[in-house]
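Alright, structures below, take your time with them.
One chain, subunit A, links the two complexes that follow: it is found with subunit B in the first and with subunit C in the second.
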Partner chain A sequence: MSRRTTELLYLVLAGAVSTMAYVSVYAGRYREIHRATIVYGLVFVAIFLVLHIVVRVFLSRADPYLLPVTALLAAIGLTEIFRIRPALALLQGQWLLVGALLFVLTVVIVRDHTRLDRYRYLIGALGLALLVATIVAGTTVNGAKLWIHAFGMSIQPSEFAKLAIVVFLAGYLDDKKVLLSVPTRHLLGVPVPAAKYFGPLVLMWGLTLVMLVFMKDFGMSLLFMAVFVALLYMATNRIVYVVAGGALFAAAAGLAIWLVPHVGDRFSVWLDPWSKADTTGYQLLQSLFTIADGGVLGSGFGRGFLLYTSRQPVVPDLQTDFIFAAIANEMGLLGAVAVILCFVLFFWRGARIATQAPDGFSKLLAAGLATAFALQTFIILGGVTRLIPLTGLTLPFVSYGGSSITANLVLVALLLMVSHRTNVVRAGTDVERRRLAELG
Partner chain B sequence: MNKAISRVFVVGVLLFVALIVNLTVLQVIRADELAQRPENKRQLAQEQRIKRGAILAYDGSPIARSVRRSGFYHRRYPQGTFAPQLVGYDSVRYGRSGIEKEMNDELLGTAPELGVQSWLDQLLGRRPTGADVLTTLVPDVQRAAQQALAGKTGAIVALDPATGAVLAGASAPAYDPRKLEEQWADLSSDEGAPLLNRGMQGLYAPGSSFKVVTAAGALDAGTVTPETAFVDTGTFVIYGGKVTNYGGAVYGPHDFETALTQSINTTFGKVGDKLGRKRLVAAMRAFGFWEVPPLGLPSGAVVASGRYDGEGLLSPEAKMDPLAVAWAACGQEQVLATPLQMALVTSAVANGGAVMTPYVVQEVRAPGGRIVEAAEPAEWLTAIRPGTALTLNQMMRRVVTTGTGTGAAIEGVEVAGKTGTAERGDGTNLAWFIGFAPAGDPRVAVAVVVEETMSTGGAAAAPLAADVMRAALAQAALP
Partner chain C sequence: MIDIVLLVLKIAILFLLYLFIWQVVRGAVADVRGSAVVPAPDVPLPEGTRPVVTRTPEERRRLREERLTERTESGQVMDLTRHIAPRLIVEQSPIVPVGVVFPLDGWITVGRAPNSDIVLDEPFVSSTHARLRPRDQVYVVEDLGSTNGTFVNEKAVTEAPLRLDARLRIGETVFRYEE
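Then we have the complex of A and B:
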């Protein structure tokens, strides 16, 4: 069976499962099964079929599992969003459409991701510009400055900046990896590379600090720093960067807990939510109660106690950052673990694409994207389950949020491109190789 | 590079494993604990969406039932103020009390004994429907008790002596359960303590009504007979102190029966002294003192009677000097009793010496009417021998015919009883009456206590007992 047929098969499976989930929620809400529900389900399947065809035409040798996993996660997200606030599900559907369009544009325009390496400084600058724009023109929501309002929409630029920074770092680190792994000087007995190569790294650390202090965005800044440290380690194979990076971020985080009240609150709530049950700890506790209530088997799609009769969700921000609480409640431990395993599957395919890629840039790009994806998932899931302090991040593909789903669909497109190129280089036909060479 | 990527992947997977472990802890290991946390209002909020069963009076008329309003069920009280402290409240804000609390699982339809139907409901995601709780409270008797106490402070408990069923439990002042939430602040700070169920939670000096216990102990032990002769000089000097009669009365030569009918303290002081601390305490324990009567209410809703000091219930082994024993035999000293306990004392005499287990829930009826739980009368304690009970029964009849309790007499019915007047030290009295009727075949036993009266048990409490017993005897059937 060809990769694409496998992909199609799993897509159809994901489509069928998600249509069932959707119908179940609809029936639970309106006590009937309406024709429109089937139509919505079909529109959703159609979007992913179009993506499948685009992949079939342009990236025929790409990994067959990423797209179905994406579809399944998006379907679960849409279903739960519909469950919580039906009006938002339609908006999210439109964002999915926009994301699909961006996916297609990325594939059609870029074609070969190695071409991005040439523009790495431009892309890096673009990512930086997005973050600076957020600091300058952003509005503050829930204490953190993450949003830019433009053209009547709210955009969360850090989601896109995340991609740009990974592309830049992959190119930059691949270029400088030898220099970075050979220490030329010693500082306090620790071998360190030359300052001119180390400089951009300090800049990167500075960037995360700025994000922390000015945007008060603990989640994104943790994500940026962790991805950066992971990429450094993967490029140089030197554990000292992990230790140093960890120490630097810990120092920054410690300072932020002291100095930035918003970040300090989050930390103290994590330590003891019970004494603040009616104020800052309310949201986290409601999340824990809602998750615990799901038990092993869950209350069932559309059957959980997630809304008060006023239609207010029982956990504030349930449809965005806390969507996993709704999933754990309605799908239970088994369903929630299955969703986590979907993320692990995605991460595994991403890491596999990275290890199989023939060149350093491709390796680092795929590994960076997969790591960013996995870490973002871990940070928000760990936050809503009180494993780590809560920091506002979206759950990729699942949470309500246009920027998140569009940016992550572009992330899938990039991973598929790396995978396709790898397989062409390794086992492609002469025609495929020639076509790839022409692109370069 | 691949080695490093693999390592990062492994670390990532470990993080996800940590997530799964943590999730298992939340959803399985700590699930119950989190559900029980007071901060967790999910359960209460959800339960308002269940059609809670009704609490019914013995004739089937609803005392509290739920009606649906905009998706939520609210409690309605068709009979208004009807034993509110005993029935209890069900409030999202203030929680639950009384029968509402004790029978919560049944009322919500989640109790396991409700069986297959509710399990199937759970599987299909249907909300359970609550079961109805039929109480032993008889509307006419309950209302008679509440009316008798109108404007007063006190309590009345009426029992069926043969079964232990609580026919009425009135505590005054009371409150209107329909206005509980809006008046909560006033109710909970009111000096009259309208939320307190005086019948089961109120501890009072039993005064002379306690002489029934002393007499029971002494007759059972053979220390005295009704004919035993005594001489009263107005005081009984003992252990450097003295026992005196109410109002300074002097009765001269008399027998033990007269000592009970006229409530002569000096004689009961002497009998108590002869009986001694151990046998007096043993007689009390035989009637249930020092134990919480197993009425089937939440913990704290019924309290134990016995000897108390400022710190709480004293051990039954606690030392007493002879003077203390003599006064305790008269129901003074540190003896405190709830009206329920005194009702149990009088019903034991009425029931041939056996104290029946008191109960207030007659039946639990599943939706559809199937009876899933029914009360089965059972003996709780054997207080005295049947012969002693009969002797006491006859002595107590004379209290009502010729003694201090004539106010409890009912035309055409033989009533037995005992009055009590405990001086409270502030110039007011605590008026008691305990008794039962008809004396030959007792169907109702009652304990009445009225606080802050200038009058005696015979004048202030006995007529109230007569009203309640009359209402009970007018019933065709009692629990």
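Then we have the complex of A and C:
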């Protein structure tokens, strides 16, 4: 069975799950099975079938598991959003369409990710510009300045900046890894390579600090910093960068907890939500209650206690940052574990694509994207379940949020490109290789 | 009635979810197993590297005869009959695949410049880093004023003869000299 046929089969399976989930949400609420719900399920399947066809034409040798896992996660997310606020599900469906369009455009225009390496500084600058634009023109929601309102939509540019900066770092670090791993000077026992090579990296690190201070967004700056350190470590194989980066971030986080009230609140709530149950601890405690309420098998789609009679969700931000609580409630422990396993599968495929990739840039790009994805998932799931202090991030593909789902679909497109290139170089026919070489 | 449908749907969804995960893991693991028997990938040589030249014994004999009359620095005629095929073999390198053979043939320049005979595009290599040339009966490596030096058996040299199995390091790349 070819890779693409495998992909199609798994997509059909994911589509079946999504349709069934959709039907049962509707049935749970209105106590009837409506034809329209089945149609919605099929529309969802159709979107992913289009993506499948595009991959079949342009990236025929790409990994067959990424797209179905993505579809399944998006399906669960969309269903749960429909469950919480039906009006938002329609919007999210439109965003999924936009994301699918961006996926197709990325695949058709870029074709081969190595072409991005030529524009690495431009892409890096674009990422920076997105972040600076957020700082300058952003609006503050829940204490964090993350959104830009434009054209009647609110966009979260940091989700796209994440991709741009991973592309930049992968190209830059692959180029300079030898120079960075053989330092010429030491500072407090930490090897410091020549300033002209290390400078851009210091700039990156400074950026995470600026994000922390001006955007007051702990989650994104933690994500950027962690991805940055992970890539630096993968490129140079020097653990000292991880230690130094971790120490610097811990110092910055300590300062932020102390100085920025919004971040400090999150930290003290994490340590002890009970004493602040009526104020700052309310959201986290409601999340924990909602998760626990689901039990092992869950209350069933559309049957959980997620909304007050006023139609307000029991957990504030349930459809975005706290969507995992809703999933754990309605799908139970088993369903929640299945969702986490899907994220693990995604990361596993990403890591495998990275290890198999034929050149340094591809390796670092795939590893960086997979790491960013996994860390984002870990940071928000850890926050919602009170494993680590809560920091607002979207759960990739699942949470409500247009920027998140579109940016993450582009992330999938990039991973598929790396995978396609790898398999063409390793086992492709001469025609395929020539076609790939002509792209460069 | 609807409650039974919902219960069935709930169990069916959970069942399908785990079926999906199990199938993906199974398929992916089969991929890993399958790829283990696939022969090593043929890594394309980095751009600018001279392809490995394999010559037939006939060609080699002819080359050797030509080389006998080859002009050397002082105009003397060189006798390389002792040398069957002087060559550098890559032992470790960040850019050239290990095991790549560079047959030595006349004067050879090594450097980052694309017109070098052996192009080593790595940061610690100067544009025109070193030169290998036959002198008397042996190949000699000369450092051409490189920034980071040329090393024979880990000793910085300005000019040194290459003996059998000598390790020549330029930048991060280590060659073994064979005859």
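Before moving on, here are some points about what is shown:
Following the convention adopted for this analysis, the second predicted complex is superposed on the first by the 438 of 440 C-alpha atoms of A that agree within 3 Å, B and C clash if a C-alpha of one lies under 4 Å from a C-alpha of the other, contacts with A are read in each partner's own complex, and residues count from 1 in each chain.
As a convention for this text, contacts are C-beta pairs under 8 Å (C-beta built on N, C-alpha and C of every residue); 3 or more make two chains touch, one makes a residue touch a chain.
None of the values given here were measured: they were computed from a predicted structure.
Touch criterion met: A:Leu375 reaches subunit B, while subunit C stays clear of it. In the superposed model, A:Val69 makes contact with subunit C only, not with subunit B. Of the two partner chains placed around the shared chain by superposition, subunit B is the only one that A:Thr290 touches, whereas subunit C remains out of contact. When the two structures are aligned on the shared chain, A:Trp348 is found in touch with subunit B and with subunit C. Of the two partner chains placed by superposition, only subunit C is touched by A:Val425; subunit B is not.
When the two structures are aligned on the shared chain, A:Gly300 is found in touch with subunit B and with subunit C. When the two complexes are overlaid on their common chain A, residue A:Ala277 makes contact with subunit B while staying clear of subunit C.
Legend: residue contacts after superposition of the two complexes on their common chain; A:Leu13 is shown touching subunit C, with no touch to subunit B. Of the residues of subunit A, those at positions 300, 303, 332, 348 touch subunit B in one of the two structures and subunit C in the other.
If you check the complex, the residues on subunit B that touch subunit A are 1-9, 12-13, 15-16, 18-20, 22-24, 26-28, 30-31, 34-35, 37, 39-40, 42, 45-46, 70-72, 125. Against subunit C, in their complex, subunit A makes its touches with residues 6, 10, 13-14, 16-17, 20-21, 23-24, 27-28, 31-33, 64-65, 68-69, 72, 176, 178-179, 182, 297-298, 300-303, 331-332, 334-335, 338, 341-342, 345, 348-349, 352, 358, 425-427.
Note for the complex: subunit C touches subunit A at residues 2, 5-7, 9-10, 12-14, 16-21, 23-25, 27-28, 32, 38, 41, 43-44, 94, 122-124, 172. Residues of subunit A that touch subunit B in their complex: 230, 233-235, 237, 274, 277, 285, 288-296, 299-300, 303, 305, 308-309, 314, 328, 332-333, 336-337, 340, 343-344, 347-348, 351, 354-355, 360, 363-364, 367, 370-371, 374-375, 378, 381-382, 385-387.
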